[in-house]
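Listed next: structures, encoded as structure tokens.
Both of the next two complexes hold subunit A, though its partner changes from subunit B to subunit C.
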Partner chain A sequence: MTAMLEKGKISAVQMSFLLYAIVIGTVIISVPATIGKHAKNDLWLSPIWASLFGMIAVGVSIGLHRMFPRLTLIQSLSRIFGRIPGKLLGLAYLVFYLILNGHGIRLYADFIVGTALPSTPILVLMATMIFVASVAVYGGIEGIGRSSQVIVPLYVLTFLIIVLLLLPDAKPNRLFPMLENGIVPSLKGAVTPQGWFAETLLLSFILPCLSDSKKAMKWGLAAVLAVMTTLVLANLIILLLYGNNVSRYVYPLLSATRYISYAEFFENVEAALVAIWVLGNFIKFSIIQYAVVLGTAQWLELADYRPLVWPIGFVMLLIGFWSLPNQMVLTQYSSTVFPYYSLLFQTILPLFILFVAFLRIRASRGGPTSG
Partner chain B sequence: MRKHGLSLSGIALMVSILFLGGCWDRSEINDMAIVTAAAIDKLDGQSIELTLQLFIPKALGGGSGSGGGAPSGGQQLTFVRSGKGLNIADAASKLQARLPRRIFWGHCKVFILGEAFAREGVKEEMDYLFRHPQPRERAFMFVSQGQAAEMLRPVPPLERYTAEVARELSEQKIGIRVTLKEFLEMLDGEGQAAALPYLRLQPPQKGEKKNQSVPFIAGTAVFKRDKMNGLLTMRTTRGALWLRKEIQKASITVRLQGTKREFITMTPIRQRIEIKPRIHDGQWIIHVHIHTVGDLVQNGTNLDPMNPDLLHLMEQAVQRSIADRVEEALDRLQRNLNADIIGFGESFHRAYPKPWRQARERWDELFPKVQVRMDIRVNIRRPGLGSVPAAVPSDEVKEK
Partner chain C sequence: MPRVCMIRQGVRGMGGFFRKSSGTNGNRGSEDRNAGTKGNVPASSLSSDHDANVEQLRQIYANCADVVFRPFLIGGVTKATVIYIEGLTSVKDLNENFLGVLMDPSAEDLSIQSLLESKVRISKVEKVKSCEDCVAALSSGYPVLLAEGQSDGMALGLSAWDKRQIEEPSAEASVRGPREGFTETIGVSVSQLRRILKTPALKIEALKIGSLSRTQVMIAYLEGIVDKTVLDEVRERLKRIRIDGILESSYLEEMIEDAPYSPFPQVKTTERPDTACSGLLEGRVVVLTEGTPFAMVVPTTLFSLLQSQEDYYQHYIVSTAIRWLRYLFVALSLLLPSLYVAVLTFHQEMVPTSLLITMAASRESVPFPALVEALLMEVTFEVLREAGVRLPKQVGAAVSIVGALVIGQAAVQAGIVSAPMVIVVAITGIASFMVPRYVVGLAIRMLRFPMMLLAGSLGLLGIMLGLILILIHLSNLRSFGVPYLSPVAPLKPGELKDVAIRAPWWAMDTRPHMSENDRLVRQPPGQRPGPHRKKQ
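== the complex of A and B ==
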């Protein structure tokens, strides 16, 4: 039995908040524009299709957890495929999430530079975010879980208030003609967010620390549904405000929030939106960095994961800073490469892993197992 | 654990060095030139002239306790500067070179396009306003008669500066009211036409200072694609407003049939307007249902409005008047300008997505042929405070 590197415990509700932040953090910033490009005025349907991939990822994580209750994905891979193949696959996953987080931080920093702080060097924004995330990771999962308990409700509340404030400018007839070109455009629109939803696979790194793992399924699915609802609402409000040319905007929800104006002085609400997006992304980047750091420590079979926090944070900074020449390339990457990259790593491979694990366990116990 | 704590604070110290350089995006209020309105003109068909109305903070800051109203002694709250360039961005940078403070677009609530510029096509320049992170999509758009820059120079007697006048006019919805976002939507919408309120300057009245002219809305500038190609008068604008479901605060004055010069006036309180598209035997039809409810505010006839039959006569007169206005607007828009600024294309797209897909390309030919059928109902609900007409001897009042 591998030693437990993490002694902290979090509750199922905190886990749910973490999952919510993992997916919504970056997806809500710019992905609605990509969805709108394909789905036009059916863009609000796409998150519903995409959420299916979130549910698969949650299901697979919990399935693996039931077979290997105290192991993360990285550890169980060695158990399932044997030492060498398991290690190789584990390394692939660590690299996948390392890159994912680096790019996520770049997306966040590009957003802040492009909208709020035009002359601040992007490196500073990325470094400060990685710095606070690293401090959080250093403190362990309990700290991240508790901060999510404070931040996520605030996030949801602010988002809902913004949607309410936009209602007077919404024109409901922009929903129509619904499904003008059939269901295909909305399915195409789901291709990109699907990759984000599947990030809930990170649940497999959180589950071993869960204090009440019986509720994992319920709260895991609740998180996926909450993300879906948030994204459907966001897409609806930008559709009703802008019509089917949402893809004209790089950050549709931010542009929509800038449109809020009441009584000539209640304006500039986007400052609140940017603030909660920074907070939400702090949770997102911390928990992914935590997963990579913990996974790497387990992969290397270290006694402690803390020595890895800063080096891995630094590597993420380099990935975000050096691997992309500009924001346009990142946007193109997120909509043409990442969805399929994610499909392989966060949907197809996990299902395959679960299947092999199931066969193995059945072979070793001589019968199907459950629970 | 102790060891880690030390290294952590060491890193924190090192990272904080990064910030000793100061904040890159620090911008104090006294480093900004706050734009209140911008005017865009085209000079000799080539260069763009950008004229900005800029706020003077110290003019407001001086006398505290004066209630923040207009400064005393005719001190101006704004000043106007222009810059020429190849496009707006270029003109703005030329203008910036001659300003001691940085141009700040965040509070610019009014954009005025010069008529000459509007007629040559606006799309290239709209991109700047859309792409730049500072200008707000909520800003109101106008087209001005002559040079747009001239709209920014006067000092109006009532409002603090002309930008406020223009904004208030838009908010009152006397004419059409269009924000930057809505203008962009119209330009790339299904109707392939756009409309902006048309501003003119009212010269100063007798006894006022020379620069006290005031902009007012004199109609609607109609754009075909991104080029202005015509003008609606105020009267046809109101007809178009009925079709756009934007009519507000109208008062309708009509002559009763069978009378010489005797008018009644009704102010509609609320109205329900429905636009229903239909395609019947290849004929594209729009059904317009208007139901409006209002009060009688002036009765110049000798008819007693308390009699339901006579009231009905008045209602019919108002109804005819609305129909006339709408038809006038339709005639001008369909036959004359061929510009769908009333959203017929949108309605057909929503109701008949498949036929629309083929018709979209030919909308220019189709739109003038769209048949409009009107169904207008008018209810005068209350007579105001008077029953029988005032100042009419009681034996002359016609009660039946």
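== the complex of A and C ==
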């Protein structure tokens, strides 16, 4: 039960990079289209509220890790709730992440078809990405952690350059009127991004292989703050470019890069931007797939998780391909269903789990002394 | 555990012999594990019967015309035979300093022991106790003396054979820096290391690999600086090898690699003693192989393979700039043709309009799609390069003329390939020669082809997927336990001073973390030069 399936070790910095990519990976594609619908001019405030949920997720993961070091979420569930209820809850989490990743990959494939390769079948795009992610998962967490150290800096750098190049076209007065209808619209706008931020709950699958787990809290929160800063920055620049009707665009940031044109030479860089974003998506998908594969192996109490990599990759492909008829449904799903689905699984349930675990630990510690 | 037994046997046997002759350390490395597999040499010890011993050796060396048996009488009385292999022994020294003295009848005391002590002017004399020892001694050029009434033979340190002079290494030329390279003679190579690092901390362990070639392999390292686990790993992997012959260090390389299916070299080969010593100073292990001038430095990382020794001899600002240029062109040599294919096939909008018009005009008459054109040209380039390398020098020039004329001009004029494609191939070719290590260049050049296929089918996305695959592979790769992408991933900020830039020597205070607990400090800090300041 406590046998470690993963022997690799990653550092807290690598963990932080992974967390950053987990959230930003797919979010950067569509941000801030869904936020803008409710928040209008205050859409840049929404990620700040939403980041609270990221912090909760990080806090819960680390709290559980302190009580059950060396155990992932799936393993600790059986410890906390007993064998059968723990397994059932674990299954629910595995299905949740399976669907999350399937839909994420679908989003990615739709994005590529819509922007760069209009005549390529989405099945090919999804299959190639799942193939690459599976290779990474097969290699273990160490490889993913190290790749993130190459990819994430590149990713952030590209983003900052884009923001910098867009600055000349930004009109600061579009920021106003600020908080015209009070704080409520920006809170409404935070409903969708809280689900993205809460994906940092995946930290629970990474923590057991951390070499310096004392720094986990610091770097975990740093990742959440970095994500928040990135999203605020992205929302601000989009707001200053387009005004408050951003929700019309499907991929606002990508459309914004069409503004970039320097010396009649450096222009039309969307394809390059798409290519860079693929890197972030890759980290995200491989980490979620890693969590599902590792979690399933632990759920089934297998000795090795590698035989599961390819089958689970295939299941993800099917989920992404069959569960959604078209992009409109996916957009609808991500703005109406996913936020509450995520709220349940990534915020409310984890808090409940942590609470029960806390009671259990206290009961078992207090038992002998009082009795 | 038969292996352990064999090691012990070896130390007692021939290994012990070589330990004294060539290494300074000599505790653990020497061994002769293949003794049991040698087949035709009985491990029997020598008897006191001189004729029987000689007969036994004659049988072992039947049909070996180059082995000389010279019977004589010591002082005109005692029967004796000296045996040596022609070409491996200094016959002049043997005649003058040995046979001349022993055959002199005027000597009063004729016991071999006293003759050796008082008359024979040879600095190194070893006892041999078995036929096996005799064979080992003879193979390394030591004449063996067998005498009547003696159950031990004498091996005389008179080995001498023709060897290549020390020359400038041809594959690793430098403008500034030492000009000498290793040679095929391992003793000379070791002495070159010893001449640079004059410290007893430089340890050299010897072992023999190859059941037939009996190739001498030496492991050199700096005690106290080397990472013990890496050293043990190297030793262990070398001892595991079972092979009949080693002709080049690449045999060893392929037998000790971490990931044998990887196209990337996990061992740094060098012909230069200074490169080997810089590896030693950084805590790496150097493996020298008899019969080849190429030494192996382990563990190695991708970035150390992208560095040239001359980076450290040029001004550090220049070296830093050259390193950046090199990184850029390494990326280009991998990506340029595939980027060209991807942009032309899928993302024409990325090209500035005027450039696009020029390119379209030149491609107008080309009958192939960009991918086919690129593959065609890249394959042709590889063929020309390979043909040029293997051919004799005189013919090589002809190949390059034909290549330049046919590919460069005629093909473009005939409208079979476009001029931009030729430029792309040419830049890629030049870029791949920017890599200071030939083998890394080869790996990257090979990976160019799958990248082109990906670019032709999925555009920039395909290139990205290919890059991700390469990145995953490199992230998972280790060379003797050290991550291949270190110090970038896993990130070690302190070590970037020798990767992102080339820091001046007064700032290179620490060694790379080849291990965590070994001596890291290279020199005291704060040595930045400047005008002399008087202490107040």
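Everything below uses one rule, namely that the second predicted complex is superposed on the first by the 364 of 371 C-alpha atoms of A that agree within 3 Å, B and C clash if a C-alpha of one lies under 4 Å from a C-alpha of the other, contacts with A are read in each partner's own complex, and residues count from 1 in each chain.
We take it that contacts are C-beta pairs under 8 Å (C-beta built on N, C-alpha and C of every residue); 3 or more make two chains touch, one makes a residue touch a chain.
Computed from a prediction, not measured in an experiment: that's the story for all the values here.
By the document's definition of touching, both partners, subunit B and subunit C, reach A:T120. Contacts of A:R146 after superposition on the shared chain: subunit C is touched, whereas subunit B is not. In the superposed model, A:V135 lies in contact with both subunit B and subunit C. By the document's definition of touching, neither partner reaches A:G86: not subunit B, not subunit C. In the superposed model, A:P177 lies in contact with subunit B only, and not with subunit C. With both structures placed on the common chain, the touch criterion links A:N245 to subunit B but leaves subunit C unconnected.
In the superposition on chain A, contact of A:W310 is made with subunit B only, not with subunit C.
More residues of subunit A are touched by C (comparison of subunit B with subunit C). In the superposed pair of complexes, A:F265 makes contact with subunit C only, with no contact to subunit B. Of the two partner chains, neither subunit B nor subunit C is touched by A:G189.
On subunit A, the surface patch touched by subunit B in one complex and by subunit C in the other comprises residues 116-117, 120, 124, 128, 135, 267-268. Residue ranges on subunit A touching subunit C, taken from their complex, read 11, 13-14, 112, 116-117, 120, 124-125, 128-129, 132, 135-136, 139-140, 142-151, 264-265, 267-269, 271-272, 274-276, 278-279, 282. Those residues of subunit A whose C-beta lies close enough to touch subunit B in the complex are 114-121, 124, 127-128, 131, 135, 138, 173, 176-177, 180, 242-243, 245, 248, 255, 258-259, 261, 267-268, 306, 310.
Across the complex, subunit B meets subunit A through its residues 4, 8, 11, 15, 18-19, 23-25, 106, 130, 133, 136-138, 181, 184-185, 188-189, 349-351, 353. The residues of subunit C lying in touch with subunit A in their complex are 346-347, 349-350, 352-353, 458-465, 468-469, 471-473, 475-476, 483, 485, 488-491.
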